[in-house]
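Naming follows writing order (A, B, C and D), and every chain is counted from residue 1.
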Amino acid sequence: MKKLLNDPADVVVEALAGMAAAHPDHLRVDLDHKLVLRADAPVSGKVALVSGGGSGHEPLHGGFVGRGMLDAACAGEVFTSPVPDQILAATTAVDGGAGVLHIVKNYTGDVMNFEMAAELAGESGIQVEAVVTDDDVAVQDSLYTAGRRGVGVTVLLEKIVGAAAEEGQDLAACAELARRVNAGGRSMGIALTSCTVPAAGKPTFELAEDEMEIGIGIHGEPGRSTEKLAPAQEVAARLVEPVLADLSVERGESVIAFVNGMGGTPLLELYLMYGEVKRLLDEAGVTVARSLVGNYITSLEMAGCSVTLLRADEEMVRLWDAPVDTPGLRWGG
Amino acid sequence: MADLTAFQSWITTCATAIADRADDLTELDRAIGDADHGSNMKRGMSACAQLAEQEDFSSIDAYLKKVGMTLVSTVGGASGPLYGTFFLRLAGPLAASEQVGAHEFGQALRAGVEGIVARGKAELGDKTMYDALSPALDAFEEAAGAGSDLADALQAAARAAAEGRDATEPMVARKGRASYLGERSVGHQDPGATSATLLVEAAAQTLT
Amino acid sequence: MKKLLNDPADVVVEALAGMAAAHPDHLRVDLDHKLVLRADAPVSGKVALVSGGGSGHEPLHGGFVGRGMLDAACAGEVFTSPVPDQILAATTAVDGGAGVLHIVKNYTGDVMNFEMAAELAGESGIQVEAVVTDDDVAVQDSLYTAGRRGVGVTVLLEKIVGAAAEEGQDLAACAELARRVNAGGRSMGIALTSCTVPAAGKPTFELAEDEMEIGIGIHGEPGRSTEKLAPAQEVAARLVEPVLADLSVERGESVIAFVNGMGGTPLLELYLMYGEVKRLLDEAGVTVARSLVGNYITSLEMAGCSVTLLRADEEMVRLWDAPVDTPGLRWGG
Amino acid sequence: MADLTAFQSWITTCATAIADRADDLTELDRAIGDADHGSNMKRGMSACAQLAEQEDFSSIDAYLKKVGMTLVSTVGGASGPLYGTFFLRLAGPLAASEQVGAHEFGQALRAGVEGIVARGKAELGDKTMYDALSPALDAFEEAAGAGSDLADALQAAARAAAEGRDATEPMVARKGRASYLGERSVGHQDPGATSATLLVEAAAQTLT
C-alpha cells in the first residue's frame, strides 16, 4: 500500500485537521465528532442540510460544506458510515430552527446509523427529514437486495437542494425537491483499478491488466461484470445506455450531465470521456442543460469514472446555477 | 450462573478473539463487501473491553447497555447499529439480575436477536449475521428447555452458530453490501456471520 | 496500461473536444492548433496571458483559461511541449493590443518552442514578453544543467499575474510581477507511483512497493533519490525543509502555501499532508497568508504530491484574492 | 552527387528507420527523460515523409526548408526545434543546387549542426544529439577533404555518429531533461544521439 499517511487509524482525523487548516474562513471542524461545519452555522431560520458517510469519497461530503450547499458533513472511517453520535452532534450544531434535512446514500449502514440519529434528534425536539439517494443502475432494485446504491446523484442533489435551502425554502419543500432530484437521476460507474482501504492495506479487488469492472460501486464493491478493457467510446456507451434506458429519457428532454472521476483517473481522460458522453447524448437527441466534469465522488485512488444523468426541470437548473461557495464547488457571486 | 464479572470477561474474551481475527474478517469483507468489517469490529470491541476499567458498573444490564451504546458509537457501518442493538436489547430481560442462569439468558438472547431483525430486516438465508445467530438461539433454547445449564446451552449455541456461519458460504446475499453482488456472492463466507460466531463462542467460554 | 481513451495518438485532441463541450460559455477551443481560449478573447486593451506545455498536467494550463487568469493555453502532446505554430496562433488570437505575456515552464523544449514563437510574433508586430518559471528545488541550478524545472509556482503565477492583467496593469508591469512571483516561489515533489504516458504504454519509472521518489518532476523524471516509503510526517519535512532553506524564509514571514496532488493521490491524503505542512510552517514561525490544496499541476495518474511556498507580499495576496473564473480555479464575484 | 529525389528518399528512409525504432527511442527516453522521444520523432518524420506526395518541390533547398518547418511544427519538445533548425540551416548552403556533392553537403552539414548548437547551446560531452552529430561532421569533413565522394564521406560520418552515440552512455547529462538526473544519467545511451545516428545512417544509404 502506497499512501501519504501516518497511522492508518488516524487518517480521517488528520485529514480533517488539514482541511480545517486549509479553509479557516469557510469551515469549522469538530475533530471529536469528525464533523465539517459551515463556519457560520447554525444559520438562523434556514433549513440545514446534513450529509455524511464513509470517508474516502472526497470532496464528497466535507468539501461540499459551505454557503449554498451543506451545513455539515459527518465523516465516518474510510468506507464506513458515520455513527449516530456524530450525526446527532451535526444535526444539533446546525439546526437553525427550521429543521434539518439528512441526505443519506443508500447503504445499509448509512441508512441505519442516520435512522438512529434521527430518532435521537427527534426526541430532543429537532425536526428531521431524511432523503435516501439510490441512483446506481448497476444494482438491481428488487425486494431481494438492499436496493440501488446512492452514488453520483448525491453531489447534484446536495448542490440543488442546498441552493433551495439557502433561498429560504422550508423543510418539506427541500425534502420534496430532494426526492424529486433523486428520482430523476441515475448513474453507472466503471473501474480500471481497485482502491486500497488504508486499514486493509491491500487492494479491495483484483483486475487483470486488460480488464475493467463494469458497474463498480464507490467502495470498490464489484459490479455487474468483469470485462475486457475497451476503448473510451465503448465504455461511454456501456455507461450512458443503461442510464438513459433506466431513466427512460426521451428525445428532446434536457439533463444535467455529470462525468465523475473515481479519484485515480486524470482529468485529461475525464474530459475525453465527457466528449464521448456528449456525443451519445447528441445522438439520442438529449440536450445537456448543464454539465460537471471532475473528481467529485471518489473511491480513494481507484481509476475509473461514472456517468450521472439528471432529468433537469427549469427549477433544478436555476438552483444549479445559484451561487455556491464550498471547497469542492464554487461559483456565482 | 453468570455474574457481572463473567459478562465482563465475555466481552474482553470476545474483543481478543475479534482482534486476533480482524484481518480474516476484513479479508472476508474484501471479497463481498468493502474490506472494513475487521477494523470496524476491532475498533468497537476494543472500546468495549476498556469499559470495565474506566467505570464501575452496578449491574449486568447497565454494563450491557453501555456495551451496546459503545458499539453503536464506535463501529459504524451496518454492523455497528446491529450489534449495538443486540446488546441494548440483551440488557432488557436481565434488568436487576445479579446472577444469570440459562432461562434468563435465553430470554435475553431472544430479545437481542430479535433486535437485530427489527433493525436490519434480515431473513434466514439472506447471508448475514442472522444466519449464525438464529440457529444459535434455537439451539440454546432447545438445550435450555431440555434442562441444560447456561454453560452447556451456550456450548450447543456455539456449535450451531459455527454451522450457521459455514452454511452462509453457498448463499446468495440479499441484505447489506454483499447483496449488490447477487450470484457473485456465492462461495464466500459472510463476515458478519463469522464475527457473530466469535461472539457466541466467547460467551460459551466465559458465561458459566 | 489502463486508461480511458481511444487511440493514444488522439488523446489530446479528444480531451480538448470534451473540454469545449463541457464549458461552452467560458471557453473556445481551436482543435487545429490545440488551443484553449477565453470565449471573449481578444480582450481589447488588456495584456493577454498565454501559457502552455505538454498535456497530462491538467487542469494546468487549459483549466486555468478564463477571466482573471489565462487568455489562452497551448496543449502539446502528452509531456511534449507545444510547437511554435500553436503558440503563435494563440498569441495572435488573444492579443488585445496591449501585448502578450508568455508563461513558460523551464524545460528545454518549452523554452525553445516559445522562443521561436515569440520571434515569429515579434516579426508580425505583436509585443511579447516571456517569463520562465523555475521553482523546483529538487534540481540543482548550475551552469552545467538546464536549470531548475518549472512546477507548482506556475499555478500561483498564472493566478496572480492573471489578476494583474485583468485589472489593467501593462505588459512591463505584468512581466515584472511574474518574475517577482517566480523568484519568490520554490517547490519540491515526491512520487509514490509512476505515471504512464499513453503513447509509451508503460510506466515511466519503477518503484518498489516500499519505495518513494524524492524530488520527482511532473513528467515522471526521476528525482534526487529513491528512498524507503516514510510516514506523511517525514515526507512533509522532506518537502518543506529544502523549500524553506532555498527560499531562506525567516520567522515572521508570510507565504502562500500550496499542496498539490500529482493526479493519483486522493484528496483525503492531500489534506492530511497539508496538515503536516502547516504544522511545520507553524514551527518555523512562518505565517500562511493563503493556501491551496488539490490536484492543480498533475502528472497524469502519478501518486504523490508537491509543496510550493511563495513568499507573498500584500500585492500578491490582494491579486490572489481577486475574482477568477476558470474551470480549475473559481472564486470571487 | 545527390539530386532532389535522393534527398527525398533520405527523408523517407529515415522516417522508416525512426518508425521501426520508435519504441526503442521512447524506451531510452523513459530511462533518462520523459518517454516521448520515439513518438515525437515518429510523428514528425512521418509528416515529413508525406511531403513529397503532397507537393511538388522545385529545389532541394525548398524541400529541406519544408522538412525543417514540418519538424518544428509537428515534433515539439526539445528535439523539434533542434532538428527543425538543423534542416532549415542545412538548406541554406544548398540554395539553387540541383546536384549536391561532398563539398557542398559538407558546408550544409556544418551549417545544420551549428544551427543545433546555436539553438540548444550544447557542448561536446553534454550527452545530447550533438555528441553524435559533431563527430559525424568532423568525419565527413575529413573524408571529403581527403577526396572522398559524398557516399564515402557519409559512410565515414555514419560510423562516427554511431561511435559518438555509443560514447554518450557513460556521460553525465548536462543539457535537456536528462540533466535533472545528474550522476543518475550515467549508464544510459542518449535518445537524441540515437535518433541523430539514424538520420546520418539514412543519409549514407540514400545520398549517393
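FYI, a residue touches a chain if its C-beta (ideal position, glycine included) is under 8 Å from a C-beta of that chain, and two chains touch if they have at least 3 such contacts.
Since the structure is predicted, the reported quantities are computational estimates derived from the model, not experimental observations.
Between the contact lists of subunit B and subunit C, the overlap consists of A. In this assembly, the C-alpha centroid of subunit B lies 75 Å from the C-alpha centroid of subunit D.
The centroid of the Cα atoms in subunit A and the matching centroid in subunit D are 54 Å apart.
Centroid to centroid, with C-alpha atoms defining each point, subunit A and subunit B lie 32 Å apart. Subunit C has residues 78 in contact with two or more other chains.
Taken chain by chain, the contacts run in an open path, each chain touching the next and the two ends left apart. This structure has the following touching chain pairs: A-B, A-C, C-D. For subunit C in complex with subunit A, the touching residues are 2-7, 11-12, 14-19, 21-22, 55-56, 58-59, 63, 78, 192-193, 209, 212, 229, 231-233, 235, 263-276, 278, 288, 291, 293, 295, 298, 300-301, 303-305, 325, 330-331, 333. The touching residues of subunit C, when paired with subunit D in their complex, are 9, 54, 76-85, 107-109, 112-113, 115-116, 138-140, 144-146, 149, 197, 199-200, 202, 204-205, 217, 219-222.
On the subunit B side of its complex with subunit A, the touching residues are 26, 30, 33-36, 39-40, 43, 72-82, 119-120, 174-177, 179-182, 184.
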